[in-house]
Amino acid sequence: MDGWLLSLTVAVGLVVAAPFIGGILSGIDRKLTARMQNRVGPPIIQPFYDLLKLWGKESFVASRFQALLAFSFMVFSVVAFTLLVLAQDLLLIVFVISLADVCLVLGSYCGRSPYSYLGGRRELLQMLAYEPILILAVVNIYAATGSFMVEGVFKLGFPLVILLPGVFLALLIALPIEARKSPFDISASHHAHQEIVRGVFTEFSGFSLALIEFGHWFKLIFYLALLALFWVPLLWLGAVLAFIFYFIIMIVDNIFPRLTWTFMLKAVWLAGFTLAVSNLIVLALLGVGLAWA
Amino acid sequence: MIDGLLIGLTVGFPVVTGLLARGLPGVWSRRLLVVLTTIVLIVSSLLLLWRGPYTYTLPEFWDEVIVVLDFILLFYFLYLGFRIRHPLVVVLTLLQLVPLAYFEASLPVIHVEPTLAIDFLAIIMCLIICVIGSLICVYALSYMDEHEEHLHLAKTRQPRFFLYMLLFLGAMNGLVFANNLYWLYFFWEVTTLCCFQLIRHDETPQAEKNAALALWMGLIGGVAFVASLFIGYYQVGNLGLNSLMSAQPAAIILLAFACLALAAFTKSAQVPFHSWLLGAMVAPTPVSALLHSSTMVKAGVYLVLRIAPALQGTALTSAVAFVGGLSFLVTAVLAISQRESKRILAYSTIGNLGLIILCAGVNTPLSMVAALLLLVFHAMSKGLLFLGAGIVENRVYSRNIEDWEGLIARFPLISAIMLVGMFTMFLPPSGMLLAKWVTLEAVASSPAQWAITLVTILAVGSAATTLFWSKWMAHLLFHPSTAERAKREKLQLPYLASTITITALDIAVSVIAAVLVAALVIPTVKPWYAVKLALPLLNLSTGIGAFPIWPLFLVMAVALALAVMVFRAKGGKLVSPYMCGENVEGAPASFRSTADLEFNFDASGMFFDRALGEPKTNRYVTAVGILLTVLVFALALVV
Amino acid sequence: MVRMLPNILRNLFSKPATVKHPFVKREPFPGHRGTITFDMKKCDLCQDCERLCPPVAIKVDPEARTITYDPFKCIYCYLCVTNCLQRAIRGRPAYTPPAYQKEIVYYKPEE
Amino acid sequence: MSKGAATRKYTVFPFGPQHPVLPEPIQLRFTVDEEKIVDVGVNVGYIHRGVERACELNDYQRNVYLCERVCGICNVMHALCYCMALEKLVDVEVPERAQYLRVIWAELNRLESHLLWLGLLADAMGFESLFMQFWRDREIVMDLQERTGGNRVIPSTCVVGGVRRDILKPLAERFREGMIELRRRVDKLAPVILKDPAFKRRTVGKGFLSYDDALMLGAVGPTGRGSGLVKDIRLEGYQAYKHLKFEPVVEKDGDVYARTLVRFYEVYQAIDLILEALKSMPEGEIRVKPEKWPEGEAVARVEQPRGELFYYVKGNGTNRLERVKIRTPTLANIPPLLAMLPGYEVADIPVIVLSIDPCIACTERITHVKKGGGN
Amino acid sequence: MASQVVEVPVSKAELFTKIYELAAAKARFIAITCKDLEDRFEVIYHFEEDLKVVNVKVEIGKDEVLPSITSIYPCAFLAENEIKDMFKVNFAGLSPDLQGRLLKTADATQTTLLKPAVGVQPPKFRLEARCGQQCPAGIDIPRYVRLIAEGKYVESFQTILEKAPFPAILGRVCFAPCEEGCRQAKNEQPIPIRLLKRFVADQVGVKKLKVERLKSTGKKVAIVGAGPAGLTAAYYLGLLGHEVTVFDEFPRPGGMMLSGIPEYRLPKKLMEAEIKARMEEAEVELKLGRKIESLDELLGGGYDAVFIAVGAHEGVKLGVEGEDHPKLLDCLQLLREVNLQGERPKIGRKVVVIGGGNSAIDAARVSRRLGAEDVTIFYRRTRKEMPATPREVEEAEAEGVKLEFLVAPTKVLPGESPAKMEFIRMKLGAPDASGRPRPEPVPGSEFTVEADVFIRAIGQVVTVPKGFNLKLDRRGRIEVNPETLETSRSGVFAGGDAVTGPASVAEAIGAGWKAASAIDRYLGGQGLKERELKEELTLRPSVEDVLELESIPVAMLPVEQRLKGFDEVELGYREKEAVQEAKRCWRCDWYE
């Protein structure tokens, strides 16, 4: 009972802390990006200022549903992260994350502007790119641990990454999509100008945008947590490495232009997909996973 | 007493009322008959559920009746073949007629005990047929009126329509109850007939052509069925399905099962045979709804599910799984390229049936559970989507989903119903997603190593599924240049009754999916498999994963309420979208150019139809499908 | 492969090029064409500057003996400065400071 | 064909006039099939500034300042071209030193423009860090402009008959140091432009313009030179160019990358030209006064960063000109642009559109003004 | 260095052949220029062929349709659209047509599109420069100064003659209010406009010029008074073709110029020569030495109009006790004696002049020349308020004239040698009607001054003979309609000091010009042409150049020599100096 209570406390703590970590992470991101570009950059807590400012702005919507869907995006991002810290079913978590993304896409389509429309389309393509990888990653984890539950990872006793290096790499390849970073920053353009303005975010403003930003932090942390999961029981190492990998993603962001969606699909599918599948095949061939043991 | 009555009510009653509807003059008598049938069917199916499984043996006299009717039917097919000048139909009918005549002449013993075996699978099917199918018939009452209004028919053809609709329901019920292979075969052929007649209902050249396609593809199934009938009879000695199932698995028995599976594939429109179902979209929408959700295609799936336990551990089961997987993958990808609403739905149906067949092929306890969940939820969601699509089509006069843009603004209620339907098709925590989740876990946990391929297929396929569904949802929500005010559209009572009932049913069953699993699914699977499902607090736990069903629904409901509250409070001024310049007054999604010309922002969907579009791909798909199917089956039978 | 990397890393470990504007002042170079001021003691209200000014940023009212100068219209071509016979218009090498409003400068007679 | 395959719908959406990639008053109306450009329409004419008319209303000497403001970036070129045309009308031979000074400022302008453009191109393809690097290095040029001309952007040094300011010894030394520093910095970024595969992926093969199209559609400047057109007005030898050695940069591929390379090499070329001009600049007068009113007509052309700038001027013996016609290079490059776009993806739009280095505001020298307002 | 140009004028029919030729030669299309020549368009197609610009010029009528060249040069569509928008030039087969809109016309009702001009630009007029505005005679000063700078002395002289017939006189005696207006004054020294006038007059010389006198009208005009106003009116009326006769009571012409201005400022020979030259040019008859007492004899004597310019020759009395003292002289009287009679009256060693005007200065300087050693001017206000031009004051001081301010006479004390007068100290009070502070006596500050001679020079008044029968104002001046200068009697005009009270020569000349114009109009003519600021702009000097030039002080007679006689004090400019001074002019009339 005590253990149950403890884990619940930890979970609640993590859910509460996640947006702060996410915000600060994005602040650090901006600062470091600025430094890489030989600029000074904003203060680390600038994202919070931005959020507060967005929060307080007058609310404009291009469609009534937009706000609702932005809210849904935020809620399901939070739910996905919560499920993760509650050590729930990973497959389910992947589905919930995709639900959040679908909400964002629908919200962008609601915007009636060609740019959010094109952005929504591209966001769907991004989903097409990374969803199989996520599902395959989960299946891989199952193959390694014999369970779809996050608990299974903890029960394994040694870092997952030993069994699933390919999957880990595949997730790293897909990470820029979720972090909205170059070269896969095709749907929303987090920093630079792009042909479809701000893509999915074009029509979101004020409060709705704040919600989306908030949800985005959760998603970011969720992904980093997913990466960290591969290092359990050395979770602290995993956390550190996750941040390091985020830093690498930042560097990649700065040394790459935004590429086209065709390239994204090709790259992610060819590299990420192949890695994930071959990892699964290797596991099956070697029979090292717990699932078929 | 009640046993016989229930069978009579579910199988016979619709046939009788169907004939009456054909014969009796007047609109109201027809309507009364349909509503009466609906009530009777729903009540009797619920009674059947209450009654539970049982077997029933009919007197031998009925066997004779069936034989006579069967021959009449086959001769009718022959006549049809000549009438529509389709040699393939003639040949395929003869391929059935001649062996059957021989069979009838030389081996007249076809009586099997019990004639009808009603187990949980049959009950589930019966429930689907009776509830969804009959609601579709109710829906058709309004739909056909509107439909004929659009066609400007001088004389109504509805009597004929409702005859086949109701006959279809009866035949389907008979099909799922039958234990006798011959009976099964007969009902099978009746559904083929109904299907044919309903597809060609509008009698346009296109309809005739596609009906003929459906007919000959269905007849291929018939031929396969006859083949399995023969093999079964010669190997087992009688025509009982139960005896065939319990026979020692031998290569020749497997061949019989393979033939049955082939028949099922034709019915369920699996990949090499998928084109008839797409062609069937020319039929009035209630027909499509019926075909897709509760009858026809479900017959094939039913057959596969029925024979699946007998295939455990054989190579054939993997072959079945692969064919299903192939269908799922191909149709999920092809659906992306579709503009036409009903074709997307059709592809989705094929894909989901493929998924069910894949599950049946994987043949583990969990996969069977997944298959059954898919069966139930697909019937509801797809039925709902077809009904919605029909209503929209009758109002927008287009099946192109690009023309449905901004439907939410024009027809909020029906759009909402459509959106719910789509939501339940692929997003958590709805039943379909639950089923898919179980599928994935089942396939992943399958001990067979080839399951990796299936997992990969599932991963890709479900991403593609997400893509085309969310695209469609987006199209409904997205309205570029229309500034039409939302009006609460007037829907006729049959529309409302059918759609809202199914919507409510869909959501309710999704929420209490655990009950469904406990009450129907596990009992169905239990006789054959060792199910290890747990249902803690009415949530689903597979032992390797857990799905909190109602908590997610709860979160969603709370979030929705909260969102509505927040945005009520926060308001939000409605503004024109960003158009990179000047908007046009009154038409928010139009933009101005220097010459004071107004341009509408116009959006094309994301279909990739240059790369994926029919008919280019369809050829390859069919060819590859035939090749793979033959290969897989040959391998399975040889190994 | 990734040619930008050395640049990025070099930047990361070098001083940023940003000038923290309000805190660090950037001195204009000598000869910079900057802020323009009018000396009403010297001005003889000839309106030459008004007529010369390409963007019509200067208005001279000889009746009221005032000059209205709009620094936000001014293009700093220094035509007025070089062409003022009385040398009453003087340019200082200084950047126009940021302002909350586009304020117009009024010059009134000295006495 | 299936029954549902109704008429094909295309996405029609505007690009501009307030698009973040190109916040300039042009509207390109794209018809897009999925993500592929099918057709493109053009709409210009949002800001009619009436410069040509204003040139008729103003004193001819003052027009220099007006013409400078036709374009903020290539301002020296406009002033230079106008002065060149006017100097013919007033029969003035510009002193040698002034010619060199003009070349120095013109090339400085070219540097400013090209570095700006390279940054913008990087920005358009989401390469933010490269964008920042180029703009940081551009500061050297801006500083030099301020140091020598008195203003960061518009030095306003050209006048009819010469230049207003001189670059004296110490300043020239500064100048030389700045150029060498700039070359050092651009060298650091050169591998990205020349070798980076991701950069190439976004530019190579995009927005193809053939040699014949370039010729017949009137492509000028780097747009034309990217397609192998050996067109560089500097070959005409105006001002001090006749004394300086240079080869026009020509690339044959006709794609965005070729145009990028042309501009990138021209950065080096401009640095070299400036250094050479500083070295060989003779002593002497920097300005002569015109002795008469402009009379007759003249045509002057200048190789602007964006291409050939064309001025037609007609004087009638008063201090006002009768007609001034300005043809900016961007106007000439719009028809080639329209030919470049179809067939490529939406993602390529900014890159291709920017590849002609559009300066729409100077294309539209013509604005509409509120009645009674200034110009 | 502009581009090399090949001009190819073609007709509309030849246009396509020429453009095909160019296309075949791989010429590159550059642009299209259109010019609106009011009745037709000139369209210029610019092409580039081998680094040369080929201008293909076509002229078409306004309603003619020009074939579009987009079929040969597709890129021309933007250029064609542009001129279609700007000039409404019609094109046939323009493709693609941007709906003829390269210019936005969204709300054209509220806005005007700035398009290139229709037809030739109307010329801009010059501005009214301050010097010109200040000139009472209304001389086009900027113009004649500019002409001097350009070396065109005759044109310059004629410019002056347009408004003032006596440049040589004016160049010597004018108070030059123009120079006060001069904008260079604020910088260093004003442009010496008066001296430039004198210079140009000296350059041209005092001689009869060839002028165009209009055909005789047969109308006769009598002018009473041969002063500057009368002579000016006579000159212009004469030029207009009228038969003009000038009457004067003095035997010599010049009026107050003759009697009131000392020789050293205006050599009387020169003056008379110039008057004579002008009068001969205008064929004016001078009847001197004849005093007109009544107008009736003139009006009855066949004269259609009479112009009265009798001037103000009566000195104002001090209005103090003992006014009739023999040693209290009137300054006019003194000057008249010196000027007319050529007398050199002995006036003693010490002279006190009372007054602060130019006459007072003249009186003082004349006294110095007559041998007075100690000349003091007593003025009741301060130097600042002195009506005399500062330059005169300075010159007087240079010649040893002393100035005493804030003193006013109270009474003349009896006794002849030395004569004594009592003065009182004043202080400045509140401003009076003229804007100057009113002097108020400081009680008890009376003091007595002894001198050989006191000269009063506190102003003149008009004395119009009773027989003229004209309506006079309170101060005895003739009342006239300010527009036409017509008096209460029809056909009788008046001007000069007789109307305005004592004023300057330039003002009198202005009045004369105005009267001539008015009389001509009265006699059925068109009047004289007002000064026009026509478009005649030339290159303006740059400010740097103007400020570089130093102002050159005019050469003056040394003080010792001045006092020896009545020689002209100012020596005038030499040519080089004059041109440089003229070049210092900053063309205030230049319309930018």
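Per-chain residue numbering starts at 1, and chain names A, B, C, D and E are given in the order in which the chains are listed.
Simple rule for what comes next: contacts are C-beta pairs under 8 Å (C-beta built on N, C-alpha and C of every residue); 3 or more make two chains touch, one makes a residue touch a chain.
For clarity, every value in this text was computed on a predicted model and none was experimentally measured.
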item: Centroid-based (C-alpha) most distant chain relative to chain A; value: E
item: Selected pair, greater C-beta contact count between C-D and A-B; value: A-B
item: Chain whose mean Cα position lies farthest from chain B; value: E
item: Averaged-CA centre spacing for the pair chain C and chain B, given as whole angstrom; value: 76
item: Chain A and chain D, separation of their C-alpha mean positions in angstrom; value: 43
item: Between chain D and chain E, centroid-to-centroid distance (C-alpha), Å; value: 53
item: Whole-Å gap between the CA centroids of chain A and chain C; value: 49
item: Where chain D touches two or more other chains at once, by residue number; value: 11-15, 19, 43-46, 62, 127, 129-130, 133, 136, 198-199, 375
item: For chain C, residues contacting two or more additional chains; value: 2-4, 8, 11, 17, 52
item: Multi-partner residues of chain E (at least 2 other chains); value: 98, 101-105, 542, 592
item: Parts of chain B lying in touch with chain A, wherever the complex brings them together; value: 408, 427-428, 433, 437, 440-441, 444-445, 447, 449, 452, 455-456, 458-460, 462-464, 466-467, 470-471, 473-475, 477-480, 542, 544-548, 552, 555, 559-560, 562-564, 566-567, 570-580, 588-589, 601, 603, 606
item: Contact set on chain D toward chain B in their complex; value: 1-6, 8-19, 27, 29, 32-34, 41, 43-46
item: Chain A residues within the chain B interface of the complex; value: 58-65, 67-68, 71-72, 75, 79, 88-92, 95-96, 98-99, 102, 105-106, 109-117, 120-121, 124-125, 127-128, 131-133, 135-136, 139, 142-143, 146-149, 197, 202-203, 207-208, 277, 280-281, 284, 291-292
item: Residue numbers on chain C that touch chain E, as the complex places them; value: 42, 44, 46, 48, 51-52, 82-87
item: Chain D contact footprint on chain A (complex, rising order); value: 33, 36-39, 114-115, 117-118, 182-183, 185-186, 189, 191-197, 254-263
